[in-house]
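Contents: one structure, followed by commentary.
By letter and in written order, the chains are A, B, C, D, E and F; residue numbering begins at 1 in each of them.
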Amino acid sequence: MDKLFIANLLYVAAAVLFILGLKKLSHPKTARNGNALASVGMLIAIVATLAFYGEIDYKLIILGMIIGSIIGALFAIKIEMTQMPQMVALFNGFGGGASALVAAAEFYSRTGAGETTTFLISTIALSVFVGTLTLTGSLIAFAKLQGLISGQPIVFKGQQVFNAIMAIAMVAFAVGMVLVPVNIYMYFLGVVILAAVLGVTLTIPIGGADMPVVISLLNSYSGVAAAATGFVLMNNGLIIAGSLVGASGLILTMIMCKGMNRSLANVIFGAVGLVQEDASGGAQQQMNIKSYSTEEAAMILDAAEKIIVVPGYGLAVAQAQHAVREVADFLEGQGKKVLYAIHPVAGRMPGHMNVLLAEANIPYEQLKDLDEINPEFEDCDVAIVLGANDVVNPAARHDKSSPIYGMPILDVDKSKTVLINKRTMNPGFAGIQNELFGFDNSIMVFGDAKQMLQQLLKDLKDL
Amino acid sequence: MDKLFIANLLYVAAAVLFILGLKKLSHPKTARNGNALASVGMLIAIVATLAFYGEIDYKLIILGMIIGSIIGALFAIKIEMTQMPQMVALFNGFGGGASALVAAAEFYSRTGAGETTTFLISTIALSVFVGTLTLTGSLIAFAKLQGLISGQPIVFKGQQVFNAIMAIAMVAFAVGMVLVPVNIYMYFLGVVILAAVLGVTLTIPIGGADMPVVISLLNSYSGVAAAATGFVLMNNGLIIAGSLVGASGLILTMIMCKGMNRSLANVIFGAVGLVQEDASGGAQQQMNIKSYSTEEAAMILDAAEKIIVVPGYGLAVAQAQHAVREVADFLEGQGKKVLYAIHPVAGRMPGHMNVLLAEANIPYEQLKDLDEINPEFEDCDVAIVLGANDVVNPAARHDKSSPIYGMPILDVDKSKTVLINKRTMNPGFAGIQNELFGFDNSIMVFGDAKQMLQQLLKDLKDL
Amino acid sequence: MIVAIPKEILSGENRVAATPATVKEFLKNGLTVQVESGAGNHSYISDQEYTDAGATIVEDKTALFGGADIVLKVNHCVEGEASLLKEGTIFTSLFQTTKEIDAVKALADKKITGFSMHLIPRTTLAQKMDALSSQSNIAGYKAVLTGASHLGVYMPLLMTAAGTIPPAKVMILGAGVAGLQAIATAKRLGAQVSAFDVRPVVKEQVESLGAKFIEVESSSDDGVGEGGYAKETSDDYKKRQADLIKEHIAKSDMVITTALIPGRPAPILIPKDMVEGMKPGSVIIDLAAENGGNCEVTEQDKIITAEGVIIDGTLNIPSSMPKHATQLYAKNIATFINYMVKDGEVNLDMDDEIISGSMFTHEGNIVHEPTQHALNQ
Amino acid sequence: MIVAIPKEILSGENRVAATPATVKEFLKNGLTVQVESGAGNHSYISDQEYTDAGATIVEDKTALFGGADIVLKVNHCVEGEASLLKEGTIFTSLFQTTKEIDAVKALADKKITGFSMHLIPRTTLAQKMDALSSQSNIAGYKAVLTGASHLGVYMPLLMTAAGTIPPAKVMILGAGVAGLQAIATAKRLGAQVSAFDVRPVVKEQVESLGAKFIEVESSSDDGVGEGGYAKETSDDYKKRQADLIKEHIAKSDMVITTALIPGRPAPILIPKDMVEGMKPGSVIIDLAAENGGNCEVTEQDKIITAEGVIIDGTLNIPSSMPKHATQLYAKNIATFINYMVKDGEVNLDMDDEIISGSMFTHEGNIVHEPTQHALNQ
Amino acid sequence: MDINILTVFILAIFVGFEIITKVPPTLHTPLMSGSNAISGIAIVGAIIATKVGGEIGTWLGLIAVIFATINVVGGFMVTDRMLKMFKRK
Amino acid sequence: MDINILTVFILAIFVGFEIITKVPPTLHTPLMSGSNAISGIAIVGAIIATKVGGEIGTWLGLIAVIFATINVVGGFMVTDRMLKMFKRK
């Protein structure tokens, strides 16, 4: 068999490993394994290329790979956990950049050699365009997350129109490359520049919680760039791996959008940031409210070991006593410890919560009163506050002007995460705002308690 | 572009339609659409072949296709709904047979033309082997289901060993075809004959409820045969469609096995029938007990509109009152009507069921006593009997020798389907067997009521 | 044939043997019904309602008894009533035949065919006639309400601004029909309920109501006899069992006892020293008071306080819920009578388990073994 | 400073103002506690238990009152008690100041600083001292138990061999603390519960307990005024509302009334004709009896039967559950006193809403507006 | 052999494995039937076979065409009939 | 262009769409990071480019190799670090 055949066979093997790796990466238990598999696939692909692809400038390549490895490893090791997202963005930019560079290299050598088939030129244009856009877009995303530029969405008037014009111009240049070989280098430069600008202008209007979606989308783009490069080089390995990443990245992006209740179009066209601003600019007086989906809440609970449920009047209003029991049963079934913290004045009559929870047959031993439960919050992973408000208002501890100052409250804020469910930001019986909702370890899951718990149960089971 | 390229392009389009079709076929809402898509795909593939594949004997082919269409359509239209499974088996056999025939045709013409590359001969051998096995195996499955031969598993001593020897012999012949070109026709015949015999001996020991699994497996085989034929002809369309069917058929087979709590190995090696026999041969004195999984029960409930829950002492023992409410809530949420039939002496004290169901907060309006509910069973789709026994024993109506003769019972057997949950076949308080369990419209789902209901809920949600 | 429904004359009895609904059933079966004037008063049923249902109101007790073919009562045949009956009449009531020997004799002498609702076999088929069940059920329910009213504490757990109120501990001894209903009712009110009974099948039934069954865990260190049985009946086992019950009673706020042994005095389950061990303010409801009581200190038909413990020996508890007690009893007895009657005529099928089983006098003889036995002693 | 806990002298009062637990709290706060001998008897607390907690037992009432700086009682200042107090003493109890005008005057004359637990503001912060809530809660709970004991029928739905027993229909009028607890308890027992209250916020609270709130559905055909309000207060609306309640009461087996208007006689919600419309054997528990009753027919502290309906006007229901009533009340009052006391000294911060709000006499003056008002009439 | 055709084969198997994940039991038979109809793709081979062959090839091809057509036509039609039943009212 | 390479491309896209179906939110970032590392497959192209080229090609290829290596090495390592955190005690 000829060497190229072997190389191609190994590429297919690598592709199989990529596929298996990606599959495993999407399940918590096998994720690490999946990553390892994929990296083995990459190793195989590299070795195959080096060994079977004919005359290569080994010295140059080894040099490049050593430099790249050192930089990559340093970044990967030095970076702090909180900076992971921007790291991914940065790496992704390099990937896109590499594709564009390869296409560019091919462009110069192949056109230099007189090859200008429509197919070649158009795949080169595509690769360069997507690769460059990925590079600059990723760099912007990195800069935003790293705080080098403002993390807030940056918008200007006519942004959409501007982007559209740029995109049209770029496509025109690309067509030019194919149709008007005379000006091919100029058009090529035009494509590169416009792609670079577009990468910036498409990314800059996005901010805050939407950044991960954008990074995921850029990741998908870098796959597309690699696939396009694969067509330039007529290389199986690049085509399979690139289109894999392109497609799966798109799916992941859509999953992430769905999790945030956004459409993909919303994200791509930069309208996201604006919506976001509206939502957070409301009446919450400087409180930084984090609103989570039940799916995310489910993940948080999944990772917890000790959970304290704090029922309040809202639970009674929603008649969610059975729903809360179902969720608690499920969590207990997974070996977690679940307790209920009953504040003496929760609800609207003495013993309101007891009546409610007795109806759902929740064992008395799990119900703890204020004095018993407060020390338990210290080592509690998640406190779930269900339709309670005044009884968990930390103002009672320190704000002398508060009408509830001096009332003993449930110290839910001592637990690692506080998951709060209510329908709105409206106050409770005492009519006062609750600063707890804005705490760093607080997470709001809005909605009617019963509906929310039912959805949560579903999501827990789906994990 | 050359014609072959167009043909291949169309094959790819057909393959895409097959993929989409199969995807849609696995969701209830889109299934019919999926089937249509796949058939369009097939049309494209056929047209592409006829139009772009060069010199073909059109007359012959049109003749063949007309004959085939008439036979296929007649079968498909005339057949009764209950005979669908054997129809699928029969069609599948024809498919496998066709692959084998094509491979055989290639074998004669290509070897006649002196082509005997290892690759060609081995793919031909594979195609003929799998195709023939599929044909005879499917015919046996058809005969069993159609009642032409006994539907019971047919086993004889040393069956496994016999099959193993046959299989080895066949592989030896195939190897012979490749290595000893002189005897190639003899070996070929050997492969065909042995494959035909194997198809019979592998299928014959399987019976009863396992037949669908076998048909599904044979379906997967016919895909493999088509793919192998594709390699013989170096035809993209055959390869993609064949391997699609081969892989997805295998997955489907495994899903079906899982649903029956069997391993695939169990089915393939013909041990299935034996296990089955043991389970039904027990103490049930001639009663024909149908034991269903919760998944199947979920499907039955999904199709129902009016459901009557019949709680008994077993529900109390299992403390499954909350679980039953959850299931009922879910079903009601889907727009179904759910009622509870309370027999006056269900349980072990007057009002036992009321105490139980009140604890789960089931609305009083849904609880119906004997006189109210009995007329309701007539137009009830599913009656779910949960740990009740004596109070639904039809012997009370007609068997004068029964100690409960004359007691009014709940007429659950009047409903279309009776789904009965209990742990074993043990009798209830009165100590007598219950003929209801063997009725044609009765289905048993064994297990502790609480666990069963929880699993059922999960399965209902997964539909 | 004429069915007569007399007014009950035992004091404190609020029930009556028929309701307008059962009157209609009798009529449908070809019988005629006569009701003594005012019979339904205490059950909130007026004479008018009986008349509307088709019965005749009779003012004179002598005329009523004398003219009847079938007499249905709640209580046994009280002094003088037997003498009013004509020979061959069928008399049916809740009759403790082994206790009311004199009344049995009076009926036998008059050649009355006597049936007792106490003697209806406890089979699945006979449950519609099972007055013992229907009335015990009321007793079990009422016992918890009365007990909770006596109690100085809440039944349910309540966590309030003024402190946490732990749930009351309720212990049920004897988990037959009354005991099971008591468990259910106490659980409904939110109490922590445990129960004990000598019959082992009851464990599952108690647990099926969500209560705890008190039993000595079979310690695995000292070998277990055939299937565990030998050990469980050993003296050591019994002693440990008794200790366990004592321990639970001492912690209980309320104890309801229902243990009966058919035809014999009720077993003493709570001797005086156990009462002394209880918390002041706790309550014992002794549903076995009629048969001597399960508590040594119980006084029949009295609520006393001993050692700070309130002990309620009130008799005839079902009668304190007259509307439903009557409704259910009337239904039970009507089902029984209609079971024997075909087209207006009584058919005494002696092969029938229910009929022969519940009969205690017939044609001058006492036909019920244990009653005969009690008479001879 | 000395806190004195006298024995209650009003007949039928089983509660007392301190428990051993609250005695300890007082001591921890630097106070001294004296308890009248036998004060805890009816609440099952012995003198010994008080002594063990650190209190001194005083036999002589005069000495106790005369030596005290703070006197804590359950009931208002009964005749003669005021005269025993020394000037400047703090007196705290459940005091209906607008009703017990004479006692108020006696305290004012003696320059006693009087606090009433009735006047503690109903704020979130003051809930630990809210004796009205803790005692109303008991009343609501007990009302259902008593009502169920009176009833001739079962509360829950039961489907038995002798027929189906429908659930009792219970109607609660006035859904404050007592009413809500009554709803919860009746629901626990399995009854079908509906409720009514004039305050619209209560609807959600009633429904949060799973009961039905009775209200006229706003018919959409005749236009709705600003936000629906205008219409709902119209006479037509009121009439329809009254009719609806009457209709529900007629169908009810048990009615529990708790409607109060602070400082005024209880509103009549069930006039005589409504009682007549009820089924014989049904029950009314009138928790407003102390303030005149919500039912026209109610007689204070009596259980009567009128038109076949049992009407229970028993007073001081919390006292019938002495253990917990005392425990909760003692905790309420102790929290209040300890709120005012810092290091053994009383600090009367007149700016404090709770302290100034619950004070009715101080330095010879009546400082509570409505009481002053009642006095002038 | 062309590497790409092998790649196609492998990828097609992956797709086959992945597209079927969760199938409700009622759809087991229709899905089986539908995928069986797709395996009638052998018809393409059969058509091609008629052309290639000498005598034997042609006749074998004809039978193959008939067989495969039965599979395709019957398969899709039966599947459709089954699925029609599931339509909810 | 070879039809098979197009087929490969299409099938690979299908596989890509199908393998990712349900991903718990905590795995969103690691999965993104892992798949990003795979897109470093451009390294293969970069290696090839170094050979093909004249001057520009070679140097562009070198930079491409560096970039792609950063992507690959950094990508897989960061992903692994992230995933290590999820290990349950």
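Keep this in mind: a residue touches a chain if its C-beta (ideal position, glycine included) is under 8 Å from a C-beta of that chain, and two chains touch if they have at least 3 such contacts.
As the structure is a prediction and not an experimental result, all values here were calculated from the model.
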*Using the contact definition stated above, find the chains touching both chain D and chain E.*
A, B
_Contact-graph distance - origin chain C, target chain E_ = 2
*Which chain maximises the distance between its CA centroid and that of chain E?*
D
*If you tally the C-beta contacts, which comes out ahead, A-F or B-F?*
A-F
*For copies chain C and chain D, work out whether under half or over half of the interface numbers are shared, and give different or same accordingly.*
same
*Taking each chain's centre as the mean of its Cα atoms, which chain lies farthest from chain B?*
D
_Whole-Å gap separating chain B and chain D, where each centre is the average of the chain's CA atoms_ = 69
*chain D to chain F: how many Å between their CA centres?*
74
*Which integer distance in Å separates the CA centroid of chain A from that of chain E?*
41
*Whole-Å separation of chain centres (CA-atom averages), chain E against chain F*: 35
*asked:* Quick check on chain A: which residues sit in contact with 2+ other chains?
replied: 15, 19, 236, 240, 344-345, 350-351, 355, 358-359, 361
*If you look at chain C, which of its residues touch at least two other chains?*
127-128, 133-134, 137, 156, 158, 160-163, 165, 188, 190, 210
*On chain E, where are the residues touching two or more other chains?*
2, 4-5, 7-8, 11-12, 14-15, 19, 21
*In contact (per the touch rule at the top): chain pairs*: A-B, A-C, A-D, A-E, A-F, B-C, B-D, B-E, B-F, C-D, E-F
*How about chain B: which of its residues touch chain A in the complex?*
322, 325-326, 359-361, 458, 461
*Residue ranges of chain F in contact with chain E within the complex*: 2, 4-5, 7-8, 11-12, 14-15, 18-19, 21
_Interfacial residue positions of chain A with respect to chain D in the complex_ = 313, 316-317, 319, 344-345, 347-352, 355-356, 358-359, 390, 403-407, 429-430
*In the complex formed with chain A, which residues of chain F make contact?*
1-2, 5, 8-9, 12-17, 19-54, 56-58, 60-87
_Help me check something: in the complex, which residues belonging to chain D touch chain C?_
14, 43-44, 127-128, 130-131, 133-134, 137-138, 141-142, 145-146, 148-149, 151-154, 156, 158, 160-163, 165, 185, 188-190, 280-281, 308, 320-324, 327-329, 331-332, 335
